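Step one of this worksheet: look at the structure below.
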Amino acid sequence: MILVLKPHTSAEDNTRVESLVKNKGLTPHMVVGNEMTIIGCVGDTSKVDPRLFEVDPSVERVMHVQEPYKLANRAFHPENSIIDVSGVKIGGDHLGLIAGPCSVETYEQVLGIAKTAKASGANLLRGGAFKPRTSPYSFQGLGLEGLEILEAVKKEVGLPIVSELMSPQYLDVFNEKVDLIQIGARNMQNFDLLKQLGQIDRPILLKRGLNATYEEWIMSAEYIMAAGNENVILCERGIRTFETYTRNTLDLQCIPVLRKLTHLPIIIDPSHAGGKWWLVDSMAMAAVAAGADGLMIEVHNNPEAALCDGAQSLKPEKFDNLVRKVSQIAHVVGKEV
Amino acid sequence: MILVLKPHTSAEDNTRVESLVKNKGLTPHMVVGNEMTIIGCVGDTSKVDPRLFEVDPSVERVMHVQEPYKLANRAFHPENSIIDVSGVKIGGDHLGLIAGPCSVETYEQVLGIAKTAKASGANLLRGGAFKPRTSPYSFQGLGLEGLEILEAVKKEVGLPIVSELMSPQYLDVFNEKVDLIQIGARNMQNFDLLKQLGQIDRPILLKRGLNATYEEWIMSAEYIMAAGNENVILCERGIRTFETYTRNTLDLQCIPVLRKLTHLPIIIDPSHAGGKWWLVDSMAMAAVAAGADGLMIEVHNNPEAALCDGAQSLKPEKFDNLVRKVSQIAHVVGKEV
Amino acid sequence: MILVLKPHTSAEDNTRVESLVKNKGLTPHMVVGNEMTIIGCVGDTSKVDPRLFEVDPSVERVMHVQEPYKLANRAFHPENSIIDVSGVKIGGDHLGLIAGPCSVETYEQVLGIAKTAKASGANLLRGGAFKPRTSPYSFQGLGLEGLEILEAVKKEVGLPIVSELMSPQYLDVFNEKVDLIQIGARNMQNFDLLKQLGQIDRPILLKRGLNATYEEWIMSAEYIMAAGNENVILCERGIRTFETYTRNTLDLQCIPVLRKLTHLPIIIDPSHAGGKWWLVDSMAMAAVAAGADGLMIEVHNNPEAALCDGAQSLKPEKFDNLVRKVSQIAHVVGKEV
Amino acid sequence: MILVLKPHTSAEDNTRVESLVKNKGLTPHMVVGNEMTIIGCVGDTSKVDPRLFEVDPSVERVMHVQEPYKLANRAFHPENSIIDVSGVKIGGDHLGLIAGPCSVETYEQVLGIAKTAKASGANLLRGGAFKPRTSPYSFQGLGLEGLEILEAVKKEVGLPIVSELMSPQYLDVFNEKVDLIQIGARNMQNFDLLKQLGQIDRPILLKRGLNATYEEWIMSAEYIMAAGNENVILCERGIRTFETYTRNTLDLQCIPVLRKLTHLPIIIDPSHAGGKWWLVDSMAMAAVAAGADGLMIEVHNNPEAALCDGAQSLKPEKFDNLVRKVSQIAHVVGKEV
């Protein structure tokens, strides 16, 4: 941590700030310049709130140098984490391919999609039972009934399932029935929920908030890990920018950046990011070319009749075609579906 | 709702889309142009998901014309809502003045701040017992003990209290002890929590999410209202933009915009928005000049030693000075503190 | 400037980076921590490009400590600059009130608006002769003929004029005829034009780019000042964010921030920011309450027939009413119209 | 164009708005709903400013349905445009590979880079002679001397050259010496310059503004095309968002979106977008996987000593390696370097 003092502080001011630093258990190193003075703080700054120093009348600015996360930090865990989702490995050379409908509607619907998706190469089945909707008047998902449908299809088809948890109230049932628990963008900083996810050891798929910085996103993973569950997979699903033609802007730079900052696997969801099915193909290929550890793709047998987000769903035959192209790209970058 | 069809659709396509519209209980009105065709849909579109039509291969775009909210909509409730917070009215000509520390630390601290804030003119006392923090390693608030301190101070000083609820787990105790339940920016779309807030009738202070549009923000109020609790106050606390000198960008245009769209009162929190105490004065005055129904200001007797966000807190004497200036501005725009 | 080195750099690496710093004429001060090393650089860093150090394989990050601007910096010029626009003072206690139509259309139009605006209290007349339009097919302004109309109205009514310059080609004629030369948001970083504005001594009204940070905006003023013209007034006109209900988001926090960083006057344009006439009143009052040095308001006698941006123009009677309220607010904050 | 009227307008209001529409040469089609009325406007709306209707007191909102661009619109020009840059084709199956230093420094420097880049597979040479810099105190480029160096290297090595034009003042010399004239992000809406580019027929590389929507970007191309020059190539170089870890956020969704909206070729510049050399590889591969028509990559033989932006430059051997991987990806998507 570095404290930048205001121009022309007095010797007493400098001494007072030095004491403040010492009081927090850090060692101050003062650099006196012509026009300003800076104090480098040596020690474990990860548990010191930088804003505490900003209040001092002689402190102009506080700059963080070290990343505030430990468990998720690649610096302390140089190898890639490989997360095992009920037998399917994600991370390293293993590409995760999650496919399925936005919402669970009926057993027949999910079964049909799951069979064709598996045949195309998907290794995980997604389906929303509880749906976060902007409007209280929109379809909110089948709830527990949806989870039962997923469970039944899993028994039949053999793909582990991914589904979104919105409330601590259902943590136990998700822990029992769902193989990879998804936390949606709007709950990325639902800190209460994150802490509870640390109590179980099911893998967690943590989606990036619409306006979350890389650091905030990793800090949310750190919440889960610090509470005891290190099985976290990060999922980019688009950020909010000024551009409104697409639903969100897919930030693929996150792949090399996260690779550098953290050892956790990174999955890309091109269906939600763009909100239009005709964007999915090119963005899925781009994601794999950039080194993503997996894809999450909405597939629906009858998008025209979907109860939610049909506009961003691929039909099974289009998904099949996509998997073929993605596999070729994966081969170039040294991954296998 | 308006459907814009793709250029040069055939008569059969048009007919198929017309049927889709009718199937949703709406009446289609087709306007055939030189290069494109549009279909105006008449009926109650608030419960129809526009994305359902986007899937049709002949539909280019779907445009929403009506606001998707009903209970919060000024069109159906032309007078300003005035919310009664344990005797303090907010809305109309009544300016709410919420002051207090970011975090509850000790009884003496809160008591001291509450007394001076009340003497200066504050009519509500704020204090955080549960704190949403980006890092799991930061101070998370005193929890239930913090609520008890607030309750004790309320008994002593007589100001109703405002505090943030982060989890459904504590809804009952908040309903019992807190006069105005604050929902933070990061929980604005915690839909599960919003639905539960509709079960009680305590007033709710709903902060705007860092990247929430006006419509999304009002829809979150609609969630609470649709579930049964119409006592909602909106609170702007800054949005996230590209500018990083300030913590967030305070959007004061929200005041006239929300005034037009909804009947709910609007409070401004300049302390969180800027993140620097020296921005609070001018932004508080600006907010009242723009017609805000209230202010939420962080006040701390010893910001240098605050456990959280001292950098954005005013000292009691500065707050006193601010209230005097704000009162003069309020007088110009026809409000009274 | 502070260099943060990568974790666990060797003594040789440290020495190499130290040499780099010395080569740029700066004095390095090394602070060796447990996990990382930082080097404080003392000297005139304003002319050293920080990115030059980022290339070194041992450098993790470079942090700028000093503001990169000198002439516009309040640290070196503590008093407020007061700019004299052909006899009208802007800055300090003097509130500039710029009113007029978006586009110059006819002599009669401008004359009528100018007379009523002056009677209401405006002290400068605005009117666009050259219009920056997103579409090549939109009305582009009357050009030189527009300037002549403004000149004729100025002779008749006596208000100095403000008009936008879009190209170096017309710099001479603007220098001759226009009292305050406006540089639009889209040209804020047209560095070639900025340099040429430094060759004259007419006051310049420099609008903030839609996505310009405070620092970039001040640096554009610095371009003009460094080239020889210190008569610069800054004008906020809204920034682009995710919110699309309003045309742009008006950032009033810029007022106290710029007040701290620079001595140049700050004017607010609420008409362009919101794009809707019914937002102008409250935002104009808010701007003055926050300490703005002036306002720029679009006024049109017949907004329904305006050739451009009628939707954001006030009618003369509404403007008159606004000036009265603004004057009361100005009085509270110690300014006079 | 669709006009949405305010709720409960009277028959007279409706008639008045209908007349307004007719006066602009459009045919109105009224759709009367329960709660609101909309008017579909049929005819050539591309030259009608929608804001003209917004002023009417009965009009709530105006929605544009047709794209405002014609010449750049794929609807009127279904085949991909292939632009010939002095013999190098860009667009269709032809991948453009532009490489070279950020700034031209010396003849030897550019010559060395050009030779190795060409050997690796680059087909165009970039080099900045005039540099847009945020600070007036930063290196501004060698100017005309830089152009002469580029010309000399072109003669020696045989690669057509790409360089940035910042001012109409140098249009003639660029037209003579430069094969592909680059317009930088900050000049994307320098409309005066765009119009002048229409007077020549050199190909133009139009970079996206940091906050430009797809529509604004295409409209800037339309400016050049409407003025007579249809040889326009679009170049994405990152947009500004809340994320500051990377310099900008690279928006690769622009590739499929622009492919749909326009027939112009699309090139991606991953060097500027991220601002860090270690992001270039993965983003270049992603861009080609997503269907880009070319890449623009900064290459420098000695990034540590570069006068500008060394931090984002690849060394020649890294570039060579990248071209090999990019070629494999290009092969998968049916393009050839």
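By written order: A, B, C and D. Residues from 1 in each chain.
Rule of thumb we're sticking to: a contact is a pair of C-beta atoms (placed from the backbone, for glycine too) under 8 Å apart; a residue touches a chain by one contact, two chains touch by 3 or more.
Since this is a predicted model, take the numbers as computed values, not measurements.
Judged by contacting C-beta pairs, the busier of the interfaces B-C and B-D is B-C. Comparing mean CA positions across the assembly, the chain most remote from subunit C is A.
Rounded to whole angstrom, the centroid-to-centroid distance between subunit A and subunit B, based on C-alpha atoms, equals 26 Å. Each chain gets one centre point, the mean of its Cα atoms, and the points for subunit B and subunit C are 31 Å apart. Taking each chain's centre as the mean of its C-alpha atoms, subunit B lies 39 Å from subunit D.
Of all residues in subunit D, those that touch two or more other chains are 211, 240-242, 244.
On the subunit D side of its complex with subunit B, the touching residues are 2, 4, 7, 29, 31-36, 38, 40, 42-44, 61, 63, 65-66, 75, 240-242, 244. The touching residues of subunit D, when paired with subunit A in their complex, are 211, 213-215, 239, 241-246, 249-253, 255-257, 260, 273-274, 278-279, 281-283, 285-291, 325, 328-329, 332-333. Residue ranges of subunit A in contact with subunit B, taken from their complex: 46-47, 49, 51-52, 54-56, 68-69, 132-139, 166-169, 186-187, 189-193, 195, 210-211, 216, 219, 222-223, 226-227, 240, 303-304, 306, 308-311, 313.
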